[in-house]
Every structure is written in C-alpha cells, then in structure tokens.
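Report on the structure given below.
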Amino acid sequence: MFVAKVIGNVWATRKHKHLNGFKLLIVKPLDTASDKLVGESTMAVDANIGAGPGDTVLIIDEGGSARKILGDSKSPVRTAVAGIIDSANLNGKEKKYA
Amino acid sequence: MFVAKVIGNVWATRKHKHLNGFKLLIVKPLDTASDKLVGESTMAVDANIGAGPGDTVLIIDEGGSARKILGDSKSPVRTAVAGIIDSANLNGKEKKYA
Amino acid sequence: MFVAKVIGNVWATRKHKHLNGFKLLIVKPLDTASDKLVGESTMAVDANIGAGPGDTVLIIDEGGSARKILGDSKSPVRTAVAGIIDSANLNGKEKKYA
Amino acid sequence: MFVAKVIGNVWATRKHKHLNGFKLLIVKPLDTASDKLVGESTMAVDANIGAGPGDTVLIIDEGGSARKILGDSKSPVRTAVAGIIDSANLNGKEKKYA
Amino acid sequence: MFVAKVIGNVWATRKHKHLNGFKLLIVKPLDTASDKLVGESTMAVDANIGAGPGDTVLIIDEGGSARKILGDSKSPVRTAVAGIIDSANLNGKEKKYA
C-alpha cells in the first residue's frame, strides 16, 4: 500500500471486458516523508472513489484487494484507488493534501 | 499494473501444456510521465487482445488476473496483456499511442 | 516481511468502507543489520496492535495476511502491522527497540 | 514472468517434505533486449521440464502458478521453470538460444 | 525464492496470536553467483527447520507457501524458511555451506 499522486489517465478501446467502465489512472508514488514523487509512474483503476488529476490517493497493489474495490470478482486488476488522502501527520507536523 | 511496449516474442517448444496456444511477448515497461522505456524487459502472455510488436499495452502482473484473461484456471501464468493503449492524458496534454 | 519504524499517519475521509476504523500508518523500512531507515516510506494498517509514532514494528506485506490481522475478509488491504519489536539479536549483539 | 539462464543448483537435505524430488536451480534473469544477465541470482524449482545448466528458461514467479507446474497443491514454492526458450524475435532480429 | 544467510532474530512480546511459538529470523539475501550478501535484511519465520545464526537457508517469500510451512492456515505470514542449504554447484564448481 502506498500514497500516490494522480497525474493523468489512459484510454484503451480494446481491453478485457471486465475492465469496461472503470477509469485507468496514471499515478506516481509519493514519498510522504520527503514529500517527493519517487520512482516510475504506474497504473491504477478507480471504480468509485472519484479521484482525478492532482488528487493524492491511497493505492492498494494486490489483486484480491483490487477486485473487492471494483466489486467484480471477474476483473483482471491488481492496483486500485482505495481512498483520497486529506492530510498527513509526520513527525508531529501536519500536511494538508486536499 | 503498468504500461509497456511490445518489443518482440519468444518461442518455447518444451513448455507447460496449459501455455500452449498463447503468444509469449517480450515487453518493456513505459514510464508514461517521461515517455521513456524503463527497467528490464519482462515476459507477458497475450491470449486474445491481439497485441504485436510496437503496440503500447496495459500489463497486469498478478496470477489471478492473468488466468482470468487467459480464461484457463489451470495456466501457470503471472503476467498478461489486458488491453491496448490508444492514448494518454498527462498533466492536460494528450499523447496518441495508436 | 520486514521491520519498519512508524513515522506518522494519514487521514482519508473518502475511502473504501472496509477500511473504516483502522489506523493508516506511514512506516519506513528499517535495515536491522545497519540500523538505518532504508528506501521509501510506505503505508500500513494497524488494526489492534496499537502501534504509534516511534515504534519499531513487524510489517507483513501480503493481502491474505493483512486481512487475517484486520479480522475482515472484505477489507482491501495489503500491508499490516503484525507486532511490535522489543529487541533484536544480531551477530550476538542485542539491541533494544522498546 | 521473465527469461533467465540456469547457472547451477543447490542441495538441501533438511527441507520441507513437499519439496522432495524437485530440482532446486540457481537462475539469473536475462534481459532479452540487451542479451545481458541482470540483477541477482534467484532460486527456481524444476519439476518436469528437464532444464539444466546453460539452458535459457521461462520463469514464473507466483505461488499459484508454481504449484500448478509442480502438480502438488501442498508444495511451498513460489518460483518455477515453465518452459525452455528456443529462440526470440526482437525488433525483427531472431536469436537462437537452443 | 532465494538463498539467504541467517544473521540474527528479533523478539516481539506484543504480536498477532498466530505468530506465537515461531522464531522471527533476520536474514540477508545471498547472491550465490558472487557469494555476496546483497540488498537489505528482511524477516523470515522458522517453524520447524531449526535454522540458526550462520545457516544458509532457502527462503520462500509468498503467503500461501509460508502458511503451508507453518502448518497454520490462520497465520499472518509471508516469508518462511523452507530448508537449509548444504551446498551449491555453480558453473561446475561446488561450494559447501554446511
């Protein structure tokens, strides 16, 4: 599980039918300790959280969890948005994200 | 889940029987933020999406998902092509891949 | 499974309902051999261990395990606190963490 | 899933009983794009493919797949040989491995 | 699956009850090709193999496998000791570990 920032999305006309209707977001991991985007961008599905570009989100990178979030046990999916981060408390300092 | 570019394929005469009939593609992860191929090439199975060299694809790297895509619960497979990327919207800019 | 130090937590009002009531901790992996924090911070759920900032904890990064710790088979979760580390014995030297 | 080269094997007298009778191979990931061995060596079980030192193999690194390959749902195993690579086609060039 | 060297252990009084009675070992991955310890130390549970400091072990890093090794389907565990390595054959040279 990690925190990431939504930086875009992709479109795919030809795809597995159990991915239809879900948003395919491009996210970049955020190291909350240093407040820096780190590593490469990755893909995450948003089913019902309503995340969009600029949002800081909680990502869960596990198939079983992702299918629970999508509510579809037949979806081929590994990575999904589980929530939108409002703020973080780090070493006693608060940082607002939303 | 990540975006990758198909750069080739392999042949294997001697292999597990539940891999018969599937294409074994060589793919290289694409960091959509920088539009660069990153890291090492990896293998992905294409069952029915019809991806070929040069295509930009959505890869799902999880066994349960990969078996759903192949439609064969007995296949030993972890990584599969789930779709073909048409375009991406990144920080408000659109990029076409197909 | 790895040892990590709790360095903070996040709040998320909008999140999957099966994450309600759990603490969302920010943890940073600790390399016990060198006693240094290594890599990027990641997220872990604490259900009932009662870990807080400054604690050295045992993290299990696997969906099945995390749901057992939360006691909720419907939770979308991959990473959870499984225990609080009291001390380590390394090459014959003891180090206390709590 | 990745391509690797078999570089050796290990013996372990004391081991889990459901690993008895399987070969424990040392393999090193092969980046087919650059044709270089990359990263650290890792372990893979060979149940029935008959891979040996020098062979280029298809490795599947997922527990469910590995147990299907071994044909033993009780085996503690994550990484297994799924096939032997004969050749690769990369950017239109063919390379033979066997 | 990888080979590692046991370099220590930790104690945790407060932990998930299905971890009671198991040894929590600190292990460091061993690259058998170069015979060097690589990367960061990680945690592994030993249920019944009897591994101790200095032993070279086979580690399986997957939840399903780890629970089979522990013989407890309710344990939150991802990484476990599956055997003790006696020797390795690498490019035709034998190396003894025990």
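Here are a few things to note about the model shown:
In this document, chain identifiers A, B, C, D and E correspond to the written order of the chains, with residue numbering beginning at 1 in each.
Just so we're on the same page, contacts are C-beta pairs under 8 Å (C-beta built on N, C-alpha and C of every residue); 3 or more make two chains touch, one makes a residue touch a chain.
In this text, all values refer to a predicted model and were calculated from it rather than measured experimentally.
Separation of subunit D from subunit E in touch steps, taking the shortest path, is 1.
Rounded to a multiple of 5, the Cα-based rotation taking subunit A onto subunit D is 145 degrees. Centre to centre, using the average C-alpha position, subunit B and subunit C are separated by 32 Å.
Centre-to-centre separation of subunit A and subunit B, using mean CA positions: 20 Å. Within subunit A, residues 62-64 each touch two or more of the remaining chains. Ring order of the chains (start subunit C, then subunit E) is C, E, D, B, A.
For subunit E in complex with subunit D, the residues that touch the partner chain are 1-3, 29, 31-33, 38-39, 49-50, 58, 60-66, 68-69, 80, 82-92. Those residues of subunit B that touch subunit D in the shared complex are 7-16, 18-19, 24, 26, 28, 40-45, 53, 62-64, 67, 74-79.
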